[in-house]
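In what follows, a single structure is set out as structure tokens and then discussed.
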Amino acid sequence: MAATPLLELNGINKGFGPVQVLHDVGLSVYPGEVTALVGDNGAGKSTLVKCISGIYQIDSGTVTFEGNPVSIHGPSDASSLGIEVVYQDLALCDNLDVVQNMFLGREKKRGIVLDEPTMEQMAGDALASLSVRTLKSLRQLVASLSGGQRQTVAIAKAVLWNSKVVILDEPTAALGVAQTAQVLELVRRLADNGLGVVLISHNMNDVFAVSDRIAALYLGRMAAQVKTTDVTHSQVVELITAGRSGNIGLPPEKPADFNGDAVDITPGGDK
Amino acid sequence: MAATPLLELNGINKGFGPVQVLHDVGLSVYPGEVTALVGDNGAGKSTLVKCISGIYQIDSGTVTFEGNPVSIHGPSDASSLGIEVVYQDLALCDNLDVVQNMFLGREKKRGIVLDEPTMEQMAGDALASLSVRTLKSLRQLVASLSGGQRQTVAIAKAVLWNSKVVILDEPTAALGVAQTAQVLELVRRLADNGLGVVLISHNMNDVFAVSDRIAALYLGRMAAQVKTTDVTHSQVVELITAGRSGNIGLPPEKPADFNGDAVDITPGGDK
Amino acid sequence: ACGDDKGSDSGSGSGSSSAGKVGVILPDTKSSQRWGTDDPKFLKAAFEAAGVQVDIQNAQGDKTAFQTIADGMISSGVKVLMIVNLDSGTGKAVLEKAKKAGIATIDYDRLTLSGGADYYVSFDNVKVGELQGQGLVDCLTAKKYTKPVVAELNGSPTDNNATLFAQGYNSVLDPKYADGTFTKGPNQDVPDWDNAQAGTIFEQMLTSNKNIKGVLAANDGLGNAAISVLKKNKLNGQVPVTGQDATVQGLQNILAGDQCMTVYKAIKKEADAASELAIALAKGEKPTTATGTTKDPESGASVPSVLLTPVSITKESVKDVIADGFVTKDAVCTADFAKACTEAGIS
Amino acid sequence: MSTTTTTTAGGVKVIKPTVNSYIRDYWGRVRGGDLGTLPAILGLIVLSLIFGISTDTFFSGLNFANLFNQSAQVIFIAMGLVFVLLLGEIDLSAGFASGVCGAVVAILLTNHGWEWYTAIPAALVTGLVIGFVLGFLVAKIGIPSFVVTLAAFLGFQGLLLVLLGGGTNISTRDEFFNSLNNDNLSPVWSWILTIVAIVGYAGVQLNNVRSRAKRGLVTDPMGIVAMRIGGLAALLIIGTAILSQERAINPAINSLKGVPIVVPIMGIFLVIWTFVLGRTAYGRHVYAVGGNTEAARRAGIKVDRIRISVFVIGSFMAAIGGIMAVSRASSVDPNTGGSNILLYSVGAAVIGGTSLFGGKGKVINAVIGGAVIAVIDNGMGLLGFSSGTKYIVTGLILLVAASVDALARRRAAATGNR
Amino acid sequence: MSTTTTTTAGGVKVIKPTVNSYIRDYWGRVRGGDLGTLPAILGLIVLSLIFGISTDTFFSGLNFANLFNQSAQVIFIAMGLVFVLLLGEIDLSAGFASGVCGAVVAILLTNHGWEWYTAIPAALVTGLVIGFVLGFLVAKIGIPSFVVTLAAFLGFQGLLLVLLGGGTNISTRDEFFNSLNNDNLSPVWSWILTIVAIVGYAGVQLNNVRSRAKRGLVTDPMGIVAMRIGGLAALLIIGTAILSQERAINPAINSLKGVPIVVPIMGIFLVIWTFVLGRTAYGRHVYAVGGNTEAARRAGIKVDRIRISVFVIGSFMAAIGGIMAVSRASSVDPNTGGSNILLYSVGAAVIGGTSLFGGKGKVINAVIGGAVIAVIDNGMGLLGFSSGTKYIVTGLILLVAASVDALARRRAAATGNR
């Protein structure tokens, strides 16, 4: 495995109004490796992903890509660097069909005219590789897809492109047994092809099955980033739920540190 | 376990325009039991749930509740029968806060005035029982919640009420380890209190952990409804992916039967 | 297809064989109530009496609708087209299209500049303005105010008549301003003759210029808007207001002493004169009544015209308007005004 | 930090806020872009200062009083439109509906000799019926509200003409009726109402704190509650004091003082509708349907009924707006409720912060937005521009007022709020 | 069933449709409520029949030709508004923007003696600039489009008054310019254009089938393609034949025949914008931003640029609408683009099936909706009702036309589509 990370975050802070969600978060993504990002509900995983892809502007901190400091101001910056993201809130256009969604923003053209046949064919191939069998038509509006079908479209959309880093935010949450297996296999294959992959998941079996490293977020702080082979299942669960496990994880917490996270921000919100 | 089902579906058919999604589906939900509804992505599980709760009108078929035929024309009919549903697409109002969402349509009042203190307290208690720890405030808008937090709110919303049947469509998909355990425990507890529970899940471990019966949908047909103790893990997976396993499941398929499901409904959809 | 007398405004005497149909387009109902009530009534009566079919429509201030109505009348085969234009531009376009189809044209009340209509029937609109100006001078003189401040509420900037009215009253008032008898106060146009806007415009004039002592309002609707504001400030009766059109509301305001005068344009006479011309044209005859001419200031052409004389109406002469049959005594002398009516000699 | 941690609802750790922490939080929210009506109020203040500097009458008591009468029609219509907009619907017919209801009252008063206390209810009922029909067509037949109310916009314009016999102006002479949007309360009554309002507000605020405290729920610090009550009291007292001064043009002839009658009427509706939206289940359901119709439907809310009801409220308030317009002009004409009334009313709601996409808005928005529009119109009138210039400047001012708001909210978007 | 199963894209089993199965599917979709422009077209036919029966001139060639000239302004503005509405935005200023651009062209032609080929581009550039400013304020400053364009509505109204020197009107005398929305093509040219249009359409359709077939993708059955081409051809040929007849009231004075010049202009814009929306990446992005702005942003689409662009297109088409209005009236006045023009234009787009919430609509909607409105206006004019009645009946007809659509779509909702 290469020693220099492909993508490196340092000291990332992010708050919404009076609420501080991420505190000094650091994360390294190595090429050819799957980094699992785990954490409790509301720990800040999706927020971190959106900071990386430029959907949110970070309050402070640095992002380094292939050794160079970069600043990402929007999703198009991220994708031009070669970072692809499958978001947890899938962000598909309900009024467009499957093919149209998959190529959104990167349509194939002949001259200025859209090359529909090519796109239809490529979309079909990508979906087929993800074990999609119940889709009635590639021209079906996304609005009418089942939960799992939507998720597959979002995943297929992200892996269509030659990118360097792929981030998947709970990609298998809505998937069936076979589809989940396909996606995990895909994740592994991407990493084996030299990409840096970040996989967010609550499923420890999946995490241990495909990841090389595990990064655990706890209440907006990076509790620990460890090699998967160095930890046990239950250690990771402890990191997720308590922020530390034995001698790994955050330093013993001073309770006051976290009080700030539990301020009721709208006292008497019903006036 | 009681012999008469609490809720019984027979010969349910449902199509959207030219697409037939459910074919002659039958399902029995017994009081005091957890019935797991499984099936591949796009098999028709969520559609079936929406037919039960009156979001979709069925094309034909009968619904029997506590032995009496009923016709459900809308969600309010379902909830007045005592059927509560947690939908896969959570259906929360982003512009309302957590408490407001949880009591939506069934607000506590004093006279004509909303009784906010009571609702706030009840909501807090319900959420606490589901291991929610990262929520900043009960008065936070739902729009700003994490995926798992949203899901917890939706579940808490459904179990606040004294109902007879609770249907949960992939309730743990976005949940963390601890929260998932809580929800499964809750599901079991509900059944033990005599309710009929339907749990939709793609996670076989969860299914086998809590369910009494398993109903498998395959391409819109009910492949089999069996006791959990009578089948193995791999048999269920076979039912899901092939519609039959050994001598259980749908009769050997005549391929022509399913052609209809794969018609491209928008040939040349790009004109 | 149905019978020819489909339109609700069509004449009853469709028996007359020789006469063709006449189309009349009125402008709106906002600039003055006359277009919605008086003109259609009098015109219809005149055509019906002559047994000539007529189609009267109102464009409701919409010039696109104005043209569409004209198109429809032309395609349904009218012999004569009579219009009160919304502005000279569309008026001209309509007149030209009619002429190309071989239809005779009449400008009613408002002259279409460069329009080249065959005939023009109206009042002398500059004269209307002069009467308003003179009326205000008389009322202010009677009140013995020294150097009274006069506010002007002009008509719509898009109505050529409004320009003519202003020309008239300013020709009377400007010398008074110049020689210091009167003081020139605020002066604003009221878009579309909109009464509600006129109210706010006048209220603000009064707020910023508290010693306004006279209001030249271009018609009764605008006058009433000013009177409401004066009433609110309990100044009604002390500040003379002018008007035009001799509407029931205007006449009542005069009787109540809140309005100084109005200008009565004998609309029935105007309608009769116009319909007389149109009837002759519809029968294919050459009209003889258009003895005067009006010079189109833009094209310089002389348009054969019938020009009637407007009359200034004050409290004493309200009865003349009633006597002329323009408004009924019942309408004006309601319970609230019974006493004032008797005082004004209306029996 | 000297905060006391209390554990309440659902084991969620909460900290009892102090005045300091409350202000810090509020400031954090403002910096985060959660501004509420703040920008519109700021805009109002800036506009007032500009007009106050450039004319010498803008800040006179007379002009202050005028503002209320001038803005009444738009504000009442806008209050009703807030409900319609909350559902993401639109009512293009509100302007002419107000005209029709105004015509009804004028005709009954003047032509049929009814008394105000029968004629006004008749007009209000007309409003209710209109709203019901509109709502029915939208909710039950499913025609988009834009089309239904466009048709009604045309239809009511015609109805108004027919009612007015083709276009006559009808004067109203009922003293009480005309006084509604022209006359003033006596100074004594003005003060009594002011005090009632202050005491009422204080009562509600304190009661709220008490009932939450009793449950052990987080409450606002008393200091903040006191500041709120004090703020409102100061505002009302200053306003009433100004309006109680003599402001007649010629005090020798007649005296003009006191709060315009229309002010307490506006106040009452503001309180009622704010209560309905904020404190009743009905109001909650309006927000829910506007935020996510499907979620509301699944929660068992009768979406159709809510939809019909907002049109009923919309047209009812339009009727009141129409009554105020007719009262002010002491007459009705075929253009009452026409011209820019509709756009100004929708504009008032939107400028105040109501979203056209539903789910976001308050009744106070209508009042503040209406005030912005009225101040612009009023100030422009004092400046005496020509009509062309006036339109242009009005447009520009509107734009500037709106961009204060927009720029503030952009920050909100940048920090991810909403 | 005699269908051939082919396995194409992504292993998804697909069946090659036959004419029969295609029609069956289409019928299934229609019964499921997926109606497209069908209801509006149906409404159009029903309305035409009603007016044709109740007047003897509605179906005359002259009246048919009038319809195009009468509807031109609204249809051009509505075409541009479709883009704005697709993004869920609104442009209240489109009417007066068309007036301003019309004034620019008239002033340049008449007062400054420019030629039409310089004056018209100047007006179009004015439109582009207006659109850019509006779009910039919405996209970059973040003011809601309702407020920006309400301000612009007022501003342009004023600008128009100022341009026209306070209220005069300006006549245009340029023959070519005036002919644009008044005169007709010669019958020979009419036929040539008709044939070009038919051949072009056939070419596109057949090419489409060929290129899909080459890839082994599912194609429409040839029978259906032939029916489509045949249908369009029949429509155009019948129309051209009617319009090539003599239709002058008094052919002796001047002859009137051929397709109105404005028809091919409309046709060209219809084709261009349909192409842009349906076949280019830009069009795709417009739908995406309208459907889900956040998803579009995440897909790397420059949302702000798209937002600005739709206002540019909107005002550009408004400029063309203004040019047509001025040409038709051979003059411009301060009310050009005022009155009901704006509401009718938005109404045209909405009646045709464009959603006010964004993401759904086609340019053809504007044409069909505009035709519905024009037919109502035209037919009502022939019936000769009094103004009040006319407004009421117009409103009612609009309502009836819209409820056909609504009732059909309700079924769609019932079956879960959209």
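The chains carry the letters A, B, C, D and E, assigned in the order they are written, with residues numbered from 1 in each.
By our rule, a residue touches a chain if its C-beta (ideal position, glycine included) is under 8 Å from a C-beta of that chain, and two chains touch if they have at least 3 such contacts.
Which protein is which chain? UniProt says A, B = D-xylose transport system ATP-binding protein; D, E = Xylose transport system permease protein XylH.
No experiment lies behind these values; they were computed from the predicted model shown.
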Common contacts of subunit B and subunit E, by label, are A, D
Tell me which chain's centre, taken as the mean of its C-alpha atoms, is farthest from subunit A. C
Averaging C-alpha coordinates per chain, one finds the centres of subunit B and subunit D separated by a number of Å equal to 44
How many angstrom lie between the centres of subunit C and subunit D, each centre taken as the mean Cα position? 38
Note: subunit C residues in touch with at least two other chains are 29, 36, 40, 60, 157, 189
What positions in subunit D touch 2 or more of the other chains? 12, 14, 157, 161, 166, 212, 217, 386-387, 417
Residues in subunit A with touches to at least two other chains are numbered 16, 114, 116, 132, 135, 137-138, 144, 262-265, 270
Can you check the complex and tell me which residues of subunit D touch subunit C? 55-57, 60, 62-63, 66, 69-70, 110, 113, 157, 161, 164-171, 173, 178, 182-183, 248-250, 253-254, 256, 325, 328-331, 333-336, 338-339, 341, 377-378, 381-382, 384, 386-387
Which bits of subunit E are touching subunit D when the two form their complex? 88, 90, 92, 137, 141-144, 146-148, 150-162, 166, 340, 343, 346-347, 350-351, 356-357, 386-396, 398-399, 402-403, 405-407, 409-410, 413
Okay, in this complex, where on subunit A does subunit B touch? 16, 19, 39-43, 45-47, 88-89, 97, 114, 116, 132-140, 144-149, 151-152, 170, 173-180, 202-204, 219, 237, 240-241, 261-266, 269-270
So, in the complex, the side of subunit D touching subunit B is made of residues 8-12, 14, 211-212, 214-215, 217, 279-281, 284-285, 287-288, 290-292, 294-302, 359-360, 417-418
Residue numbers of subunit C touching subunit D in their complex, please. 29-30, 33-37, 40, 60, 157, 186, 188-189, 191-192, 194-197, 199-201, 203-208, 210-211, 220-221, 224-225, 228, 231-235, 238, 247-249, 252-253, 334-336
